[in-house]
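Consider the two complexes below, in which chain A is the common component and chain B and chain C are the respective partners.
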Partner chain A sequence: MSTTVDTATAMPSRRRRLGTTELVYMALLGVVVIGAVIVAISGGNLLSTANTVEMLSRSSLLGFVALGQTFVILCRSLDLSVGYVMALSSLIGATTMAGDPARIPLGIAAVVLVAGGIGLANGLIIAVLKVNPFITTLGMGLIIKGYLDTRYKGPAGAVPEAFRQFGYTRIGFVPLSAAVMLLAMAAGIAYLRTSRTGYHMYAVGGSEDVARLSGIRTGRVMITAHVLCSIAAGVAGLLIAARFGTGSALVYSSGYELDSIAAVVLGGTFLMGGRGGVAGTLAGVLILAELDTVFNVLQVDPFFKEVLRGVVIIAAVAIYARRQVERRATRARFGGDGDDGGTGPGRAPDRPPDSTAGGADGDQVVAGHGGDR
Partner chain B sequence: MTASTPEAAGGGAAVSTHLLRMRGISKSFLGVRVLHGVDLDLRAGEVHALVGENGAGKSTLMKILAGVHQADSGTVELDGAAVAFEHPLQAQQARVSTVFQEFNLLPDRTVAENVFLGREPRTRGMVDARRMNADTAQLLADLGLTWLTPQAPVRSLSVAGQQIVEIVKALSYDARIISMDEPTAALADEEVDLLYRLIARLRERGVAILYVSHRLKEIFDLCDRVTVLKDGALVDTVDTATLRPDELVRMMVGRPISSFFPDKLPGTAPGDVRLRVTGGGNDQLDGIDLEVRAGEITCLAGLQGSGRTEIAHALFGIARFTRGTVQVDGRTVRLRSPRQAVRTGLALVTEDRKAEGLALNQSVAANARLVLDAVDPRRAAARARRIPGLLSSLDLVARGPDQEVRFLSGGNQQKVVLAKWLATEPSVIVLDEPTRGIDVGAKHRVYTLMRELAADGVAILMVSSELPEVIGMADRVIVLRDGRIAGELPGGTTEEAVMALATGQVPGGPMS
Partner chain C sequence: MTAPRPAHRSSGASRVAGVASALFGGGSATVFALLIVIFAGIFAMNPSFMEPPSLMAFIKNAAPLVVLAIGQYFVIVAGELDLSVGSLVGTQVVIAAALIDGEESRTGPVLLLMLVFGVLVGLVNGLITTVLKVHSLITTLGMMLVLYGANRLWTGGAPTGALSEAFRQPGRGGVEMPVVRLLPWSLLILVAVVIAAVVVMRRPYGRVLIAVGDNEQAAAFSGVRVWQVRTAAFVLSSVMATLAAVLIGGYAGVTAQVGEGLEFAAITAVVLGGVVLGGGRGTVIAAMAGALTVEALFTLFNQLSLPSTIRPAAQGLIIIAAVAYAARERSQPAPPVDDARPEPARS
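The block that comes next holds the complex of A and B.
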């Protein structure tokens, strides 16, 4: 008898579910296939080199920002200042480099330092002063915006030709910027999977109390995530400078903070923290970039394009939320209930259980290993 | 897997060493004494039960041992050395672990990740997932739990599996003392069996286990000694071998019912059946047959998690019945939402006043009108005229109708909640722990209010975990156990009789 109990308790869900990340990549595949078919019907080729290059260059900018955003969202935080950090970084990078190839490392260092400092400030305010992340980073964004608006009236600085290669060079059909972004994503995946801090980000986001009671210094984890997030936004700023050849304050109005959050959530990372990862974010970024490319090729009205993007994001999150609700379903003590049972006499208590509620018969106490848990 | 039985594994030489001595532990919360001068000893390799009614101070004592709370006075000695844990982590590092009722696990992470959380093994600076999984597998194998995979996400495990992961986590700190708060409360029978075998293994290793439980059978099956608390004071510590179940029940309850409860008002008599549930059930309840009559106070009693609150919630359409029928005043109704329930003439004073009963940062007047405004806005203004009278008849002490309710005392907050529901003139009122956390004066007012309502012909269904209250107020007591009705007792029954039904123990009879 003991063996039956043991196996029963260890039994995994009987309905095998796809992991969220796998689901996101299937969605990406779906978007590519459906997009290619639609584009083909209208006489184009979505998978042509030109379109692929466009898609990848589009994705690289958002990729960096979303990578950083993944870390903070995993910690149950978020960063609304990334757009301003990008703008500031593009200006700092371009003015520091001032057209001199020898000053490229200096420019990069300055950006990393300033962006990292902003992240440090965000993290400290959130972790030490316990200010809500939404407010903290919104306020930080406004502070940077005020500085940019008074200090820079237009584009400033110049990026040396050598650094502009970061924006334009291609390796085969892969733009250099996209290759760097993919490397950064890979590093992000490795970081979350092999560093203690990476592990602890999941813990802090999953439950700060559990993390603290397990001896994790939750504040440090939160600060690290914010520093990484701001630095990633700084790198995106450098990429902008490389593309434009100069720093531009106006990037902050491009809505990267919300796009990056959308990409992260689209990638299956739980907005309330503790679950998800960089691999999903990459897929989320690629989905958004591919959608944009399809809309561009089809010359969809830009306003309608935004509407479609909004619909896609909400639909995706609705699907995740639905899965979430099912998973959270309370442990049933008694089997035999459908999802929406009536109170009518037709539903007798001895009705046999359906597949959603454990496995025991109506009269027996059901062990909590039903398919939906 | 053939684990040796507890009887064979316990006993012997290991049991004589005192691992833990707690002496004269006292603790007050907000001026209310919850523990006074409690002593507790734990020996290595023993399973020590800690029992008592709700509010006896078991949880507080356990949390002091775990470092969650700090004692106001008294000493704790671990292996002869005085300790004072200020943080749960300190207790854990001193090899004192606690498995709380609410799980301290990350459901989205794997078993191994949870066990080694905060202490992930590393090789060359990188987390060594392989070693972590291997170490976890080793820990599991040592306990004969080979069916648990270190890589399985905790979410995929049964409640028992999750409980076991908690215990394994505690053991990975090399715990010498593990306290468990009602570990079987959420477990099905065959899962309990699993836990028993694990506890037997722990005892073999010389781990002392403090076992908090309401279930008498478990105490006699598992435990070597039992410490009984009552009203925050130590009753006694005795060997279970020399104890009879009915003696234990008497130690836990057995206090005279005070004359604190007001008598029935003259002319109160049970009238028609106002509320009838036939064969009610959902995933937490089964076979609920219930009648509540006008002018009668019916009480739902039972242990924590036995389904008392679940019935209240099912009636009010929160976690509704999915089987059976509900009739109000003879009409069959389908209660699918609180709104429908209110319109049918039901009222529910919830257990958690602050979270579910009040909009804390709104005024007394706004809170009292809340249900009227929400459910019947057109007649709200007219019906709200009764509210000031209701509030003053309840002896509400507040600066005025504009005062925010969060500044009121618990008792006065409860009066606002009661006024809110009385304003709807319900025909059936469900009171879930109506006197929890309120002072004696307010309690008395709630009791007299219940008598007044009964005299007015309102049907009252009270849920309470305080046995004196159940016995002092109820005309009929319905005792629940594990989501089913265990039996019905007449008013004026004894606490022993209620506890016997609630725990499944026949008083004076042999163990089942």
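The block that comes next holds the complex of A and C.
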């Protein structure tokens, strides 16, 4: 009986989950079309090469951050330190390279190492010390901010010309940075869909307890997600260094942490974890970048832009939430019918085999505990 | 939910912490211990701090954050989050300055208008979160962007107008007294707010609020209208932010930066007080103590004449350490779950 119910609920839910990503891309298409029409009315061309290049180079920076943020949000975590990691990475990258093309690999390695270390610290504090991710990453951000403000009084370091190409080169109309970002996104999609840890991230986000009881080392998954997130933010910091030609601490006040969370959620990833993916995040990032470009072309007041962005984010998430509510309602009704419609009493005889199976599982876990102590 | 469990406390924990936790509920002992330690540190550095006048000055400085933390507590204990309070404070101060424009007679009506605006913002936050089912982090983040943008758009980045003398009284004025020289209004307001908050949390509404934060479905099945309870919590938070705006406006005056970063300070204060993000656990007194601790920490940094740039780092370290300590304490009664245990199946 239970198997039939499972397939009955699983089938529509899978079809609808596909729908969410499609919906995000339809929203992106809608934003592009409506934006193009509005821009055309005011006498411009949104789809011109210049505007497309601008949109793509805008998206690349947020894209890296949001990619990393997707991993942690899928695990039902959160990273508020990414903005500070970006600033720190740009400074470390620029000072390590010090204008010498031969030191580019060294600079990149240093950034990956430091950013990865910060991610490791975040992950360990969350997974081992059981500190709420919000507080952990907020505190970590403050710690990095303190270090940055004390150590660097202004822009520092110099980026060699060769590395600056990362910020400026274009292949056709695609900026190199955007191409790298798209490749990273593709790698992220592949990672989540094919690797074991990728699947485990969904499991941990869905329910950490169930994931643990299923034999997943939830702590390691959480730590991996945070390390990946910080490294992605580190790459974004390198991109900033490549664009500015020097490292800058002031990047942290640009609000990338909240922007990236908005992009991820706009992309249809569930803030409470376990649902969503990188493909949606890419669309979310592109939507935000396209909106910014439209506002820029129309020369909208930058403060009015904030207002519009706030409204768009709330409205979009409200639409996804509606779909999720509908789905949850259907599932609840399934369960409710099963319970009320005669299965309630009928279930009692079914229970014993189930519960013994559960008991056996429990025994194993307890045994594992006992051996550990 | 908030009941202390002294039986499970490890005997190694300090006696003071044990007594404090028995008094104020589980998970919040850390904050009281921390508060005492920090106050002791300040006192050791500067004995004159404990003299009434400087203590009163401290209270006046800390009052807005305490009020904000109490508002944030209502929202957090119900399982939500309010990021919009910082920009709401900024907007309210700007509204007050622009509309009062130095005219004493306009103080009353403008205060009323601010209250209405605060309730409105809370209602919008609450209804979007509960009826449209948008996660409160996103709702209030959006509200933060909207308020911030609207505020700057309206003023062009430079607030105009001036506050009236009557408006500034609650924030910086006080009653002349023999011992403390000046008993600040903000202390009286603070005491009133804390008492009101404690009473509210002991009334059915407060119990239901905690129940909703602890287990939304169970609360709903017991007949609670979850959306009403949560919306009311958001309204309370916004009203508290309005009150904080009055206090800050009076104390610090009008600038474009008023309220920036206060949302994170308030959340930090509440969590420092042992209130669990996700809801259902923690007391309002502990949240208040958390806010006092954050402010005392800043005072201590001043006493140590720590370079202002290193302060965030110290603050971050202390927050993480305090919450980690509280989490360790809280997880003790439950059987510890170890992630790193060797699993038989490697698959």
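What we mean here is this: the second predicted complex is superposed on the first by the 311 of 373 C-alpha atoms of A that agree within 3 Å, B and C clash if a C-alpha of one lies under 4 Å from a C-alpha of the other, contacts with A are read in each partner's own complex, and residues count from 1 in each chain.
Going forward, a residue touches a chain if its C-beta (ideal position, glycine included) is under 8 Å from a C-beta of that chain, and two chains touch if they have at least 3 such contacts.
Given the structure is predicted, the values throughout are model-derived calculations rather than measurements.
Residue contacts after overlaying the shared chain place A:T194 against chain B, while chain C stays out of touching range. Of the two partner chains, chain B and chain C are each touched by A:G215. By the document's definition of touching, of the two partners only chain B reaches A:G206; chain C does not.
By the touch criterion defined above, A:I314 reaches chain C but does not reach chain B. By the touch criterion stated above, A:L271 is placed in contact with chain C alone, chain B being left untouched.
Residue overlap on chain A between its contacts with chain B in one complex and with chain C in the other: 215, 368-369.
Interface of chain C with chain A (complex): residues 128, 132-135, 137-139, 141-146, 148-153, 157, 264, 267-268, 271, 276-278, 307-317, 319-320, 323-324, 327-328, 331, 335, 337-345, 347.
Touching chain C in their complex are the following residues of chain A: 125, 127-132, 134-136, 138-147, 149-150, 212, 215, 217-220, 258, 261-262, 265, 271-272, 301, 303-311, 313-314, 317-318, 321-322, 324-325, 364, 368-369, 371-372.
Those residues of chain B that touch chain A in the complex are listed here as 1, 88-89, 92, 104-109, 113, 117-120, 122, 125-127, 129, 147-149, 152, 155-161, 186, 188-191, 193-194, 197, 279, 281-287, 320-326, 332, 334-335, 482-483.
Of all residues in chain A, only 2-3, 5-10, 12-13, 193-196, 198-200, 202-203, 206-207, 209-211, 213-216, 270, 274-275, 327, 330-338, 341-345, 347-349, 351, 357, 362, 365-369, 373 touch chain B in the complex they form.
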